[in-house]
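Chain lettering (A, B and C) follows the sequence in which the chains are written, and residue indices restart at 1 in each chain.
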Amino acid sequence: MPHHTQTFTIPTSGKSLVEFTSDVAQWLATTGVTTGLVTLFCRHTSASLTINENAAPAVKRDMLRWMEMVAPENAGYEHDDEGPDDMPAHLRATLTGASLSIPVVDGRMALGTWQGIYLAEHRSQPHRRQVVAHVMGD
Amino acid sequence: MPHHTQTFTIPTSGKSLVEFTSDVAQWLATTGVTTGLVTLFCRHTSASLTINENAAPAVKRDMLRWMEMVAPENAGYEHDDEGPDDMPAHLRATLTGASLSIPVVDGRMALGTWQGIYLAEHRSQPHRRQVVAHVMGD
Amino acid sequence: MPHHTQTFTIPTSGKSLVEFTSDVAQWLATTGVTTGLVTLFCRHTSASLTINENAAPAVKRDMLRWMEMVAPENAGYEHDDEGPDDMPAHLRATLTGASLSIPVVDGRMALGTWQGIYLAEHRSQPHRRQVVAHVMGD
(Lines give C-alpha, C1' and ligand atoms only; values in the text may rest on other atoms or scores of the structure.)
Protein backbone atom coordinates (compact mmCIF):
# COMPACT_ATOMS: atom_id res chain seq x y z
CA MET A 1 0.00 0.00 0.00
CA PRO A 2 1.46 3.37 -0.98
CA HIS A 3 2.14 5.91 1.72
CA HIS A 4 3.53 9.41 1.79
CA THR A 5 4.82 11.95 4.30
CA GLN A 6 4.96 15.71 4.14
CA THR A 7 6.03 18.50 6.49
CA PHE A 8 3.93 21.65 6.65
CA THR A 9 5.53 24.82 8.01
CA ILE A 10 2.92 27.10 9.53
CA PRO A 11 3.82 30.67 10.48
CA THR A 12 1.91 32.11 13.44
CA SER A 13 1.49 35.64 14.81
CA GLY A 14 1.45 34.64 18.48
CA LYS A 15 -1.51 33.12 20.32
CA SER A 16 -4.00 32.13 17.63
CA LEU A 17 -5.77 29.30 15.83
CA VAL A 18 -4.40 29.00 12.29
CA GLU A 19 -6.48 26.95 9.86
CA PHE A 20 -4.51 24.84 7.38
CA THR A 21 -7.20 22.46 6.11
CA SER A 22 -6.70 23.48 2.50
CA ASP A 23 -2.94 22.85 2.67
CA VAL A 24 -3.59 19.27 3.77
CA ALA A 25 -6.36 18.79 1.20
CA GLN A 26 -4.16 20.04 -1.64
CA TRP A 27 -1.29 17.77 -0.61
CA LEU A 28 -3.66 14.80 -0.29
CA ALA A 29 -4.90 15.42 -3.84
CA THR A 30 -1.33 15.18 -5.17
CA THR A 31 -0.85 11.75 -3.55
CA GLY A 32 -3.73 10.18 -5.48
CA VAL A 33 -4.97 8.36 -2.37
CA THR A 34 -8.74 7.75 -2.53
CA THR A 35 -9.24 5.50 0.51
CA GLY A 36 -6.96 5.59 3.52
CA LEU A 37 -5.91 7.47 6.62
CA VAL A 38 -4.30 10.87 7.10
CA THR A 39 -2.42 11.52 10.36
CA LEU A 40 -1.12 14.92 11.41
CA PHE A 41 1.48 15.41 14.14
CA CYS A 42 2.61 18.69 15.71
CA ARG A 43 6.33 18.70 16.53
CA HIS A 44 6.10 21.15 19.45
CA THR A 45 5.14 21.23 23.12
CA SER A 46 3.83 24.80 23.06
CA ALA A 47 1.63 24.46 19.97
CA SER A 48 -0.93 21.76 19.18
CA LEU A 49 -3.62 20.54 16.79
CA THR A 50 -7.37 20.77 17.03
CA ILE A 51 -10.47 20.38 14.90
CA ASN A 52 -12.78 23.34 15.28
CA GLU A 53 -15.72 25.12 13.68
CA ASN A 54 -14.56 26.92 10.55
CA ALA A 55 -17.51 29.25 9.97
CA ALA A 56 -17.85 31.79 12.79
CA PRO A 57 -14.71 33.80 13.67
CA ALA A 58 -16.12 34.35 17.19
CA VAL A 59 -15.63 30.62 17.91
CA LYS A 60 -11.88 31.03 17.58
CA ARG A 61 -11.85 34.03 19.91
CA ASP A 62 -14.00 32.23 22.52
CA MET A 63 -11.76 29.15 22.24
CA LEU A 64 -8.62 31.21 22.92
CA ARG A 65 -10.29 32.95 25.89
CA TRP A 66 -11.35 29.55 27.26
CA MET A 67 -7.76 28.29 27.08
CA GLU A 68 -6.67 31.37 29.05
CA MET A 69 -9.23 30.38 31.69
CA VAL A 70 -8.49 26.64 31.88
CA ALA A 71 -4.69 27.06 31.86
CA PRO A 72 -4.12 30.61 33.09
CA GLU A 73 -0.90 32.61 33.13
CA ASN A 74 0.62 33.63 36.47
CA ALA A 75 -0.79 30.68 38.39
CA GLY A 76 2.34 30.18 40.48
CA TYR A 77 4.11 27.83 38.07
CA GLU A 78 7.53 26.51 39.01
CA HIS A 79 8.62 26.45 35.33
CA ASP A 80 8.76 29.98 33.91
CA ASP A 81 12.17 30.02 32.19
CA GLU A 82 10.80 31.69 29.10
CA GLY A 83 8.20 33.99 30.63
CA PRO A 84 4.61 33.83 31.88
CA ASP A 85 3.27 32.26 28.67
CA ASP A 86 5.75 29.33 28.83
CA MET A 87 4.09 26.81 31.16
CA PRO A 88 0.51 27.69 30.14
CA ALA A 89 1.58 26.92 26.55
CA HIS A 90 2.61 23.39 27.58
CA LEU A 91 -0.68 22.90 29.44
CA ARG A 92 -2.78 24.09 26.50
CA ALA A 93 -0.81 21.86 24.13
CA THR A 94 -1.66 18.94 26.42
CA LEU A 95 -5.31 19.98 26.46
CA THR A 96 -5.74 19.71 22.70
CA GLY A 97 -3.05 17.16 21.84
CA ALA A 98 -0.28 16.62 19.32
CA SER A 99 -1.87 14.17 16.84
CA LEU A 100 -5.04 13.88 14.78
CA SER A 101 -6.14 11.10 12.40
CA ILE A 102 -8.75 11.53 9.68
CA PRO A 103 -10.00 8.77 7.34
CA VAL A 104 -9.90 9.41 3.61
CA VAL A 105 -13.06 8.41 1.74
CA ASP A 106 -13.64 8.99 -2.01
CA GLY A 107 -10.39 10.94 -2.28
CA ARG A 108 -11.20 13.45 0.46
CA MET A 109 -10.68 13.72 4.20
CA ALA A 110 -13.94 12.68 5.91
CA LEU A 111 -14.31 16.05 7.65
CA GLY A 112 -17.80 17.23 8.53
CA THR A 113 -19.24 20.32 6.86
CA TRP A 114 -18.14 22.69 9.61
CA GLN A 115 -14.85 21.08 10.59
CA GLY A 116 -11.53 22.78 9.97
CA ILE A 117 -8.02 21.65 10.97
CA TYR A 118 -6.20 24.18 13.12
CA LEU A 119 -2.74 24.67 14.49
CA ALA A 120 -3.12 26.20 17.94
CA GLU A 121 -0.24 28.54 18.74
CA HIS A 122 0.07 28.94 22.50
CA ARG A 123 3.08 31.27 22.76
CA SER A 124 2.75 35.07 22.71
CA GLN A 125 5.47 35.58 20.10
CA PRO A 126 5.23 34.58 16.41
CA HIS A 127 6.70 31.19 15.53
CA ARG A 128 7.16 28.91 12.56
CA ARG A 129 5.58 25.56 13.47
CA GLN A 130 6.08 22.17 11.86
CA VAL A 131 3.31 19.63 11.33
CA VAL A 132 4.29 16.26 9.89
CA ALA A 133 1.60 14.55 7.81
CA HIS A 134 1.41 10.90 6.89
CA VAL A 135 -1.09 9.22 4.57
CA MET A 136 -1.51 5.55 3.80
CA GLY A 137 -3.99 4.33 1.27
CA ASP A 138 -4.69 3.57 -2.34
CA MET B 1 -2.81 -4.56 2.85
CA PRO B 2 -6.62 -4.59 2.89
CA HIS B 3 -8.41 -1.67 4.45
CA HIS B 4 -12.03 -0.77 4.97
CA THR B 5 -14.15 2.23 5.94
CA GLN B 6 -17.57 2.41 7.56
CA THR B 7 -19.84 5.21 8.78
CA PHE B 8 -21.70 4.72 12.05
CA THR B 9 -24.78 6.86 12.69
CA ILE B 10 -25.36 7.34 16.40
CA PRO B 11 -28.62 8.85 17.65
CA THR B 12 -28.34 10.86 20.88
CA SER B 13 -30.92 12.19 23.33
CA GLY B 14 -29.10 15.45 24.10
CA LYS B 15 -26.10 15.79 26.42
CA SER B 16 -24.89 12.25 27.10
CA LEU B 17 -22.16 9.68 26.61
CA VAL B 18 -23.35 6.99 24.18
CA GLU B 19 -21.33 3.78 24.11
CA PHE B 20 -20.90 2.18 20.69
CA THR B 21 -18.04 -0.26 21.35
CA SER B 22 -20.07 -3.27 20.22
CA ASP B 23 -20.99 -1.62 16.91
CA VAL B 24 -17.31 -1.15 16.12
CA ALA B 25 -16.42 -4.66 17.30
CA GLN B 26 -19.14 -6.24 15.15
CA TRP B 27 -18.05 -4.31 12.08
CA LEU B 28 -14.41 -5.20 12.72
CA ALA B 29 -15.34 -8.90 12.86
CA THR B 30 -16.92 -8.66 9.38
CA THR B 31 -13.69 -7.26 7.91
CA GLY B 32 -11.64 -10.32 8.88
CA VAL B 33 -8.75 -8.13 10.08
CA THR B 34 -6.74 -9.85 12.81
CA THR B 35 -3.76 -7.46 13.16
CA GLY B 36 -4.01 -3.80 12.32
CA LEU B 37 -5.29 -0.40 13.37
CA VAL B 38 -8.81 0.96 13.83
CA THR B 39 -9.30 4.74 13.67
CA LEU B 40 -12.55 6.48 14.56
CA PHE B 41 -13.32 10.06 13.57
CA CYS B 42 -16.27 12.19 14.71
CA ARG B 43 -17.58 14.48 11.94
CA HIS B 44 -18.88 17.21 14.25
CA THR B 45 -17.64 20.17 16.28
CA SER B 46 -20.25 19.84 19.03
CA ALA B 47 -19.85 16.10 19.65
CA SER B 48 -16.63 14.14 20.19
CA LEU B 49 -15.09 10.76 21.03
CA THR B 50 -13.72 9.46 24.30
CA ILE B 51 -12.66 6.22 25.95
CA ASN B 52 -14.23 5.83 29.36
CA GLU B 53 -15.02 3.31 32.07
CA ASN B 54 -17.87 1.10 30.93
CA ALA B 55 -18.87 -0.47 34.24
CA ALA B 56 -20.24 2.15 36.66
CA PRO B 57 -23.05 4.39 35.32
CA ALA B 58 -22.07 7.03 37.90
CA VAL B 59 -18.81 7.61 36.00
CA LYS B 60 -20.75 8.88 32.99
CA ARG B 61 -22.81 11.24 35.16
CA ASP B 62 -19.70 12.59 36.94
CA MET B 63 -17.97 13.04 33.56
CA LEU B 64 -20.87 15.09 32.19
CA ARG B 65 -20.97 17.23 35.36
CA TRP B 66 -17.21 17.79 35.06
CA MET B 67 -17.59 19.01 31.48
CA GLU B 68 -20.23 21.48 32.69
CA MET B 69 -17.67 22.76 35.19
CA VAL B 70 -14.64 22.96 32.87
CA ALA B 71 -16.54 24.52 29.96
CA PRO B 72 -19.58 26.12 31.58
CA GLU B 73 -22.62 27.65 29.93
CA ASN B 74 -23.30 31.38 30.24
CA ALA B 75 -19.63 32.34 30.63
CA GLY B 76 -19.94 35.47 28.51
CA TYR B 77 -19.21 33.82 25.16
CA GLU B 78 -19.19 35.98 22.06
CA HIS B 79 -20.52 33.09 19.93
CA ASP B 80 -24.04 32.11 21.02
CA ASP B 81 -25.90 31.98 17.69
CA GLU B 82 -27.58 28.71 18.57
CA GLY B 83 -28.16 29.19 22.30
CA PRO B 84 -26.25 28.85 25.57
CA ASP B 85 -25.14 25.26 24.86
CA ASP B 86 -23.54 26.21 21.51
CA MET B 87 -20.07 27.47 22.44
CA PRO B 88 -19.64 25.13 25.45
CA ALA B 89 -20.31 22.25 23.03
CA HIS B 90 -17.37 23.35 20.85
CA LEU B 91 -15.13 23.65 23.92
CA ARG B 92 -16.08 20.21 25.24
CA ALA B 93 -15.51 18.69 21.78
CA THR B 94 -12.01 20.21 21.86
CA LEU B 95 -11.44 18.83 25.34
CA THR B 96 -12.01 15.20 24.31
CA GLY B 97 -11.06 15.36 20.63
CA ALA B 98 -12.35 14.14 17.29
CA SER B 99 -10.20 11.06 16.62
CA LEU B 100 -9.19 7.85 18.38
CA SER B 101 -6.92 5.04 17.19
CA ILE B 102 -6.92 1.52 18.62
CA PRO B 103 -4.59 -1.32 17.58
CA VAL B 104 -6.16 -4.65 16.56
CA VAL B 105 -4.48 -7.72 18.07
CA ASP B 106 -5.70 -11.30 17.58
CA GLY B 107 -8.79 -10.08 15.76
CA ARG B 108 -9.98 -7.72 18.50
CA MET B 109 -9.46 -4.08 19.44
CA ALA B 110 -6.81 -3.96 22.17
CA LEU B 111 -9.16 -2.26 24.64
CA GLY B 112 -8.56 -2.82 28.34
CA THR B 113 -11.12 -4.69 30.42
CA TRP B 114 -12.95 -1.56 31.56
CA GLN B 115 -12.62 0.56 28.43
CA GLY B 116 -15.61 1.48 26.31
CA ILE B 117 -15.76 3.75 23.24
CA TYR B 118 -18.19 6.64 23.65
CA LEU B 119 -19.67 9.34 21.51
CA ALA B 120 -19.97 12.44 23.68
CA GLU B 121 -22.98 14.54 22.70
CA HIS B 122 -22.49 18.11 23.88
CA ARG B 123 -25.71 19.75 22.59
CA SER B 124 -28.91 19.84 24.64
CA GLN B 125 -31.13 18.63 21.80
CA PRO B 126 -31.10 15.10 20.31
CA HIS B 127 -28.92 14.67 17.22
CA ARG B 128 -27.89 11.97 14.78
CA ARG B 129 -24.08 11.90 14.80
CA GLN B 130 -21.71 10.39 12.25
CA VAL B 131 -18.50 8.58 13.15
CA VAL B 132 -16.31 7.41 10.28
CA ALA B 133 -14.25 4.29 10.98
CA HIS B 134 -11.20 3.11 9.10
CA VAL B 135 -9.30 -0.16 9.60
CA MET B 136 -6.10 -1.30 7.94
CA GLY B 137 -4.68 -4.71 8.59
CA ASP B 138 -4.66 -8.36 7.60
CA MET C 1 3.05 -3.48 3.91
CA PRO C 2 4.62 -4.98 7.02
CA HIS C 3 3.19 -4.09 10.41
CA HIS C 4 4.00 -5.03 13.96
CA THR C 5 2.47 -4.79 17.42
CA GLN C 6 4.09 -4.69 20.83
CA THR C 7 2.88 -4.31 24.41
CA PHE C 8 4.89 -2.15 26.78
CA THR C 9 4.43 -2.68 30.51
CA ILE C 10 5.19 0.50 32.44
CA PRO C 11 5.50 0.43 36.23
CA THR C 12 4.45 3.61 38.03
CA SER C 13 4.95 4.88 41.56
CA GLY C 14 1.56 6.59 41.88
CA LYS C 15 0.63 9.94 40.34
CA SER C 16 3.42 10.80 37.91
CA LEU C 17 4.45 11.28 34.30
CA VAL C 18 6.67 8.38 33.20
CA GLU C 19 8.65 8.90 30.01
CA PHE C 20 9.03 5.85 27.78
CA THR C 21 10.17 7.44 24.50
CA SER C 22 13.35 5.36 24.37
CA ASP C 23 11.42 2.09 24.81
CA VAL C 24 9.33 2.91 21.76
CA ALA C 25 12.35 4.10 19.77
CA GLN C 26 14.29 0.90 20.52
CA TRP C 27 11.36 -1.30 19.53
CA LEU C 28 10.84 0.72 16.34
CA ALA C 29 14.50 0.19 15.41
CA THR C 30 14.04 -3.61 15.67
CA THR C 31 11.12 -3.53 13.21
CA GLY C 32 13.22 -2.02 10.42
CA VAL C 33 10.44 0.41 9.47
CA THR C 34 11.83 3.59 7.90
CA THR C 35 8.63 5.30 6.72
CA GLY C 36 5.28 4.71 8.39
CA LEU C 37 3.09 5.40 11.37
CA VAL C 38 3.44 4.48 15.05
CA THR C 39 0.28 4.42 17.17
CA LEU C 40 0.29 4.02 20.96
CA PHE C 41 -2.78 3.08 22.96
CA CYS C 42 -3.17 3.07 26.75
CA ARG C 43 -5.37 0.18 27.97
CA HIS C 44 -6.65 1.96 31.11
CA THR C 45 -9.23 4.53 32.15
CA SER C 46 -7.18 5.94 35.04
CA ALA C 47 -3.89 6.37 33.16
CA SER C 48 -3.33 8.04 29.78
CA LEU C 49 -0.79 9.19 27.19
CA THR C 50 0.64 12.61 26.52
CA ILE C 51 3.47 14.31 24.68
CA ASN C 52 5.32 16.73 26.91
CA GLU C 53 8.54 18.68 27.25
CA ASN C 54 11.35 16.30 28.17
CA ALA C 55 13.98 18.79 29.35
CA ALA C 56 12.84 20.61 32.50
CA PRO C 57 11.68 18.43 35.41
CA ALA C 58 9.61 21.37 36.71
CA VAL C 59 7.30 21.01 33.68
CA LYS C 60 6.20 17.58 34.90
CA ARG C 61 5.51 18.90 38.39
CA ASP C 62 3.52 21.88 37.06
CA MET C 63 1.58 19.56 34.75
CA LEU C 64 0.59 17.29 37.64
CA ARG C 65 -0.45 20.28 39.76
CA TRP C 66 -2.54 21.60 36.87
CA MET C 67 -4.35 18.28 36.57
CA GLU C 68 -5.15 18.48 40.31
CA MET C 69 -6.67 21.90 39.61
CA VAL C 70 -8.65 21.05 36.48
CA ALA C 71 -9.99 17.74 37.82
CA PRO C 72 -9.78 18.09 41.61
CA GLU C 73 -10.30 15.45 44.25
CA ASN C 74 -13.23 15.75 46.66
CA ALA C 75 -15.45 17.67 44.26
CA GLY C 76 -18.61 15.86 45.30
CA TYR C 77 -18.32 12.99 42.81
CA GLU C 78 -21.03 10.34 42.80
CA HIS C 79 -18.48 7.65 41.82
CA ASP C 80 -15.94 7.12 44.60
CA ASP C 81 -15.91 3.33 44.94
CA GLU C 82 -12.13 3.19 45.08
CA GLY C 83 -11.37 6.37 47.01
CA PRO C 84 -10.98 10.11 46.36
CA ASP C 85 -8.47 9.63 43.51
CA ASP C 86 -10.81 7.31 41.56
CA MET C 87 -13.08 9.68 39.63
CA PRO C 88 -10.41 12.41 39.16
CA ALA C 89 -8.25 9.72 37.54
CA HIS C 90 -10.96 9.02 34.95
CA LEU C 91 -11.35 12.75 34.28
CA ARG C 92 -7.61 13.30 33.85
CA ALA C 93 -7.38 10.29 31.53
CA THR C 94 -10.12 11.90 29.42
CA LEU C 95 -8.24 15.20 29.44
CA THR C 96 -5.09 13.78 27.85
CA GLY C 97 -6.56 10.81 25.94
CA ALA C 98 -5.81 7.15 25.31
CA SER C 99 -4.16 7.20 21.89
CA LEU C 100 -1.31 8.99 20.11
CA SER C 101 -0.06 8.62 16.53
CA ILE C 102 3.40 9.65 15.35
CA PRO C 103 4.69 9.44 11.76
CA VAL C 104 7.97 7.62 11.14
CA VAL C 105 10.37 9.45 8.82
CA ASP C 106 13.91 8.23 7.95
CA GLY C 107 13.61 5.40 10.47
CA ARG C 108 12.72 7.60 13.44
CA MET C 109 9.56 8.93 15.05
CA ALA C 110 9.06 12.52 13.84
CA LEU C 111 9.16 13.91 17.38
CA GLY C 112 10.36 17.47 17.86
CA THR C 113 13.57 18.19 19.73
CA TRP C 114 11.84 18.69 23.08
CA GLN C 115 9.06 16.15 22.79
CA GLY C 116 8.91 13.06 24.98
CA ILE C 117 6.20 10.39 25.17
CA TYR C 118 4.75 9.99 28.64
CA LEU C 119 2.43 7.63 30.42
CA ALA C 120 0.39 9.72 32.84
CA GLU C 121 -0.48 7.74 35.98
CA HIS C 122 -3.52 9.29 37.65
CA ARG C 123 -4.00 6.93 40.63
CA SER C 124 -2.25 7.48 43.98
CA GLN C 125 -1.01 3.90 44.27
CA PRO C 126 1.69 2.28 42.09
CA HIS C 127 0.39 0.33 39.08
CA ARG C 128 1.71 -1.65 36.16
CA ARG C 129 0.24 -0.07 33.02
CA GLN C 130 -0.02 -1.54 29.53
CA VAL C 131 0.49 0.46 26.35
CA VAL C 132 -0.10 -1.34 23.05
CA ALA C 133 1.99 -0.09 20.12
CA HIS C 134 1.31 -0.64 16.45
CA VAL C 135 3.53 0.33 13.53
CA MET C 136 2.82 0.07 9.82
CA GLY C 137 5.41 0.96 7.27
CA ASP C 138 8.32 -0.21 5.20
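In this text, contacts are C-beta pairs under 8 Å (C-beta built on N, C-alpha and C of every residue); 3 or more make two chains touch, one makes a residue touch a chain.
Worth saying up front: this structure is predicted, and the values here are computed from it rather than measured.
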{"item": "Superposition of subunit A upon subunit B: rotation angle, C-alpha, nearest 5 degrees", "value": "120"}
{"item": "Self-contact between copies subunit B and subunit C, residue sets same or different by half", "value": "different"}
{"item": "Distance between the centres, which are taken as Cα means, of subunit C and subunit B, whole angstrom", "value": "20"}
{"item": "Residues of subunit B whose C-beta touches two or more other chains", "value": "1, 37, 70, 95, 97, 101, 136"}
{"item": "Residue ranges of subunit B in contact with subunit C within the complex", "value": "1, 35-37, 50-53, 56, 58-59, 61-63, 66, 69-70, 95-97, 100-105, 110-112, 114-115, 136-137"}
{"item": "Residues of subunit C defined as touching subunit B within the complex", "value": "1, 3, 5, 37, 39, 41, 43-45, 70-71, 75, 77-79, 81, 87, 90-91, 93-95, 97-99, 101, 130, 132-134, 136"}
